[in-house]
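Below: one structure in structure tokens.
Going in written order, the chains are labelled A, B and C, and every chain counts its residues from 1.
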Amino acid sequence: MEKTSCNETSLPMKMKSSFKPETVTVFGTGDFGRSLGNKMFQCGYSVVFGSRNPELSGLHPKGIEVMSYAEAAHRSDLIIIAIHREHYTFLTELAEELQGKILVDVSNNLKLNQYPESNAEYLSQLVPGAKIVKAFNTVSAWALQSGTLDASRQVFVCGDDKESKQRVMDIGRTLGLIATDQGSLMAAKEIENYPLQLFPMWKFPLYLSAGLCVFYFVYSVIRDVIYPYVYEKKDQTFALAISIPNRIFPGMALSLLALVYLPGIMAAILQLYRGTKYSHFPKWLDHWMLCRKQLGLVALAFAFLHVIYTLVIPIRYYVRWKLNSKVINQIKTNKTDPFNTTTAWLGDSYVALGILGFFLFVLLGITSLPSVSNMVNWREFRFIQSKLGYLTLILCTAHTLVFGGKRFLSPSLLRWYLPPIYVLSLIIPCTVLVLKFILVMPCFSRPLTRIQQGWERMSKASPKAHSGNGKAEV
Amino acid sequence: MEKTSCNETSLPMKMKSSFKPETVTVFGTGDFGRSLGNKMFQCGYSVVFGSRNPELSGLHPKGIEVMSYAEAAHRSDLIIIAIHREHYTFLTELAEELQGKILVDVSNNLKLNQYPESNAEYLSQLVPGAKIVKAFNTVSAWALQSGTLDASRQVFVCGDDKESKQRVMDIGRTLGLIATDQGSLMAAKEIENYPLQLFPMWKFPLYLSAGLCVFYFVYSVIRDVIYPYVYEKKDQTFALAISIPNRIFPGMALSLLALVYLPGIMAAILQLYRGTKYSHFPKWLDHWMLCRKQLGLVALAFAFLHVIYTLVIPIRYYVRWKLNSKVINQIKTNKTDPFNTTTAWLGDSYVALGILGFFLFVLLGITSLPSVSNMVNWREFRFIQSKLGYLTLILCTAHTLVFGGKRFLSPSLLRWYLPPIYVLSLIIPCTVLVLKFILVMPCFSRPLTRIQQGWERMSKASPKAHSGNGKAEV
Amino acid sequence: MEKTSCNETSLPMKMKSSFKPETVTVFGTGDFGRSLGNKMFQCGYSVVFGSRNPELSGLHPKGIEVMSYAEAAHRSDLIIIAIHREHYTFLTELAEELQGKILVDVSNNLKLNQYPESNAEYLSQLVPGAKIVKAFNTVSAWALQSGTLDASRQVFVCGDDKESKQRVMDIGRTLGLIATDQGSLMAAKEIENYPLQLFPMWKFPLYLSAGLCVFYFVYSVIRDVIYPYVYEKKDQTFALAISIPNRIFPGMALSLLALVYLPGIMAAILQLYRGTKYSHFPKWLDHWMLCRKQLGLVALAFAFLHVIYTLVIPIRYYVRWKLNSKVINQIKTNKTDPFNTTTAWLGDSYVALGILGFFLFVLLGITSLPSVSNMVNWREFRFIQSKLGYLTLILCTAHTLVFGGKRFLSPSLLRWYLPPIYVLSLIIPCTVLVLKFILVMPCFSRPLTRIQQGWERMSKASPKAHSGNGKAEV
């Protein structure tokens, strides 16, 4: 599909060319060093390996030389250090040869923040005369070997010397990678931590929903499996496969969707109370606000499951059996149910509200795809995420309310004083909607807007003359 | 997920460094100025604020100084003007100090085309000796403060001085933004209008579909609610929730999908008639052609709704009641319906056609995602959008035709001489398919291809020797 | 939506400016030359056309001059050669005028690898004194004219002279295109082949699935249409529309999903057997491994179809008729089926397993979108594609096994000794899962991990001291 990088078929052509290729030295003949060296060789660079035991090193394509570190260092002014941090010390012996050269640190650690300073900064302390560039640590040896650069085509480059960085970024681009400048060498720590992360922004949403899910599950098992077993001696365990999940999932989706909008309301109340937007929020609130997109996507996943679990209802054996026995009963008793327009209205309404809510939810999900959200401006993004988001919440809450509609009246609902799950799941969304409704009223929304445009209450005199930038953000 | 920008945790490290940071001056301590200044400070820049009343300005992180405009201007050769356009005039007093410096205009207006010239050009007239760069107006203060750069990481930069632009773009990238060069200062107008837009390409498709939707709705209410009420005194209002939408949505989807392909056919006919592709199309046709993707996505949204509305049919109370009473009737009359193979064939066929059409439709939708369409070449894009698109249209039209199949014969269909909606919705797609079929015939397709490759009828002599580029586009 | 490029409305403003625009010469007034020239003119460049018969050339916007090649060449040091390769020879006459100038080759061929060397390299042989840059061949004339740059905004630029490349890339960016540097002129061949490709990575997956699909179809027609016709004289042809596809599609989805994981297992076995990862895999295995993403997406498409085909079951005439006649039968015989908990369990389980498998499958599909996979690091990508991928395969295999559960016992299943399709489709996934289970056991996984980190068996001495980069890839 994509023209990603040089490939081997073009190799012979490069040979013909009179154009003299740039030489790059790689220190270390380990897996990553070899992969990177061979890839650069394929892409037209002249590559030289430096090794402790050059005569012992394994297979290399013809045209690649392996020599001692000192010799290899002589060959190029750009040296890739494909060696573990623990072995960096031997570089001090070569300090003189490395003077003024570009050393590219490609190393990774095994844990986040394993060392006090980043490997690249450590290297720059060991060889102070060299220009250190951090790069290529986000790419895997396997991806370089196989050419499948699906993930991790991103190469983050940092360093204190602009020209060195530029040269390393040029190599990256020739290799088909996306090289981005991350600033000075101080960014190396972050770049080294990056490949060790496993979905950091997803942790809170996933733990939260796992916890809520377990709670709903236990609650539902008590209400829907243990209670009928105790009182009616009925075996309802088969409900564990579909019926109970299909009570838990919509509850999860609605609660989590409401939790997406709760922190924004809390922040607004805090700002109103403090009279300024310039004091920091509590840490947990800040983190919560940064995770809202992930929370919303988890909610969407539950909504998606709820939709499919609902659509399979008519093909379930249990449902077919129940419907059939109803018909058979009607015939045996010779009593036909008349058509009830209210039931038809209620039934169709909650289904329609649910479908429309799900539709908007999917729309929100699509606009949160990076390639889509990068194409909308701030105003459009806020329109979607705030206006459409609240509309989704309103529709989904209404769906649940109307679903309960016919049953709120029935007293037989409480089992051991426990209401059904959908009643529980309505608590947070209703709270959020009520608070939002209050905040939207002019007496609150006007001061809030002013605060969010930078106005501060209490500050005795504030130079308002040309402050603000004509943007009103919530 | 993404390594977006510097963060505060790296702040202490920056302090240690002996590396002398670049100083940037910000004029104006309003919301946006403060947010941008603090962000730059976090990212390692030394930041100085210029203010009218420096002693009165509010909270700033330690290390940021606030001083008078003149003093602040002395500190750096790069000054960010975070001030409303109306207050720019005071800068004329500082003209001497600003001589040769880079002034970054970050301002936005409240309306599209509020002033005859852009704010940046106005600034360059006020301070002719300075190098003006337009930038950062697409980023919001809130995004800078919170670090959630989901939308609007795009920074469009323009200016007449290349080096100044480069410096501003470097700052943007250090802040984790995506800076793109938009050319000379003349682009400022467009850049200032950009954040004020609200889905400009979606307006025509949305208005069109809203209008069509209202028409179909009124039509359907007359046929399916008022008619039975008048003639049979039946209350069919509950059909408003699901039955009627599920007649409107497929009609909308089919009509809009056909409207995606209609302008292409009109353009081809115009080109054939005129004998050249170099004369402009009428404005409305041009705009229509540019909105086709959006039209198609609106059609897909209706198709998606139609699918879910159809799949919930068997869980509706009304449907279950009707099916049950049928069975009960059969038993009471002791007459069982025999299995009708033709009905089975027709029923299964229209469902299968619909599913396949929807499947291709979803495929078209996925390939219109920016990240996907950026990865296909022109030939692949045309294959998908043209070949697969017409196949989708054919399948969806066939789905509707076969759906009607059993009922076209029944005379009871007309109510007040109004045919059902699906008959109406077939008009445009059938027209499009017939016209396309005619255009595909060699007597039309051959001259059309030549015209689209640049050939012109009537032009007495045309230098064909080495014109064209071997590309045949429709 | 996106601010893509300059547009005509800004034209008048450019006129006012005192800023002197850069002049670009275009050789050739064919379709592509004209489109590119006019677009550059709109974007503020001064454009001059060179033509064989300047007086005969057609419509051009005011301000664009057409003159002889020699004259046009004098006007600018950057010349775009919008001429077919066959006509390049006339450029040798102009060799003197073209000395030291930048010639931009924009040509495409009609077939892949039509000529031994690329057009750009041929041009550089014809005019050795010029600096040749290959660019713009991936953009279509139509896209330039209409401004709809949905596809093919990618411009690949290559050339041996860095500065020339930079200038051409600047022009591309001013035109709203995404210009990427592809290295030296040797990359021209690949760049010229790029726009001629039609989904090269999709060929193998699509052919494979087409073959498998035909096999399953014929197999199913024999079992489900011909067999009942021969033995029971029953007309089951209507099953061709939905019932039979809904047996083929899940079989396809499961088999193809397993085929995604099979090559990885083969590769692991090969590596274990050879004791090294540095010898090449057979070509077919390499290609298979590179197509895994596409194979998986085809499998997802079949799974999606299977889901919708399953959800429409209850609205099918055939199904409704069968269910009704069952009820009627029960009443007539006055015998009601009792509720069978085991059937309820089995039925609900296989549905639930299928839903969860499909859910994870969709998740895998979403993460394979380029914009999503670009944002995850290598560790996250491997977590999704390997861990979640195998979980999906396990769930889908379990879904099929439990689906068969009730029926594996029935002897009536074999028709002409042919088992049902779902039994066939279980062969590959079960093989894959068993092999994976074996490979995961420590006695195999430990040496495999070491091999994949670069360790080699048999190599008498290997310098392990600082080899490896702390990355363990499978």
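We take it that a contact is a pair of C-beta atoms (placed from the backbone, for glycine too) under 8 Å apart; a residue touches a chain by one contact, two chains touch by 3 or more.
Owing to the predicted nature of the structure, the values given are computational and were not obtained by experimental measurement.
Asker: Between chain B and chain A, is it the same set of residue numbers doing the touching on each side, over half shared, or a different set?
Answerer: Counting which numbers both chains contribute, under half are shared, so the two copies meet through different residues.
Asker: Rounded to the nearest 5 degrees, what is the angle of the rotation relating the C-alpha atoms of chain A to those of chain C?
Answerer: The rotation relating chain A to chain C comes to 120 degrees.
Asker: Could you grab the centroid distance between chain A and chain B? Build each centroid from C-alpha atoms only and quote it in angstrom.
Answerer: The mean C-alpha positions of chain A and chain B differ by 23 Å.
Asker: Would you give the residues of chain A that are in contact with at least 2 other chains, written as numbers and ranges?
Answerer: 1-2, 154, 194, 199, 311, 314, 327, 331, 369-372, 374-376
Asker: Give every residue of chain B touching chain C within the complex, in rising order.
Answerer: Touch residues, chain B against chain C: 1-2, 154, 156, 160, 180-184, 186-187, 189-191, 194, 199-201, 277-279, 286, 289-290, 293, 307, 310-311, 313-314, 323, 326-327, 330-331, 336-337, 339-341, 343-345, 347-349, 351-352, 355-356, 358-359, 362-363, 368-383, 452-454, 456, 459, 461-463, 465-471, 473-474.
Asker: Under the touch definition given earlier, write down the residues of chain C that touch chain B in their complex.
Answerer: 1-3, 6-7, 10, 13-14, 17, 19, 28-34, 43-44, 51-53, 56-59, 82-84, 86-87, 106-110, 138-143, 146-148, 150-154, 173-174, 178, 194-199, 235, 237-238, 241-243, 245, 301, 304-305, 308-309, 311-312, 314-318, 320-321, 324-325, 327-328, 331, 369-372, 374-376
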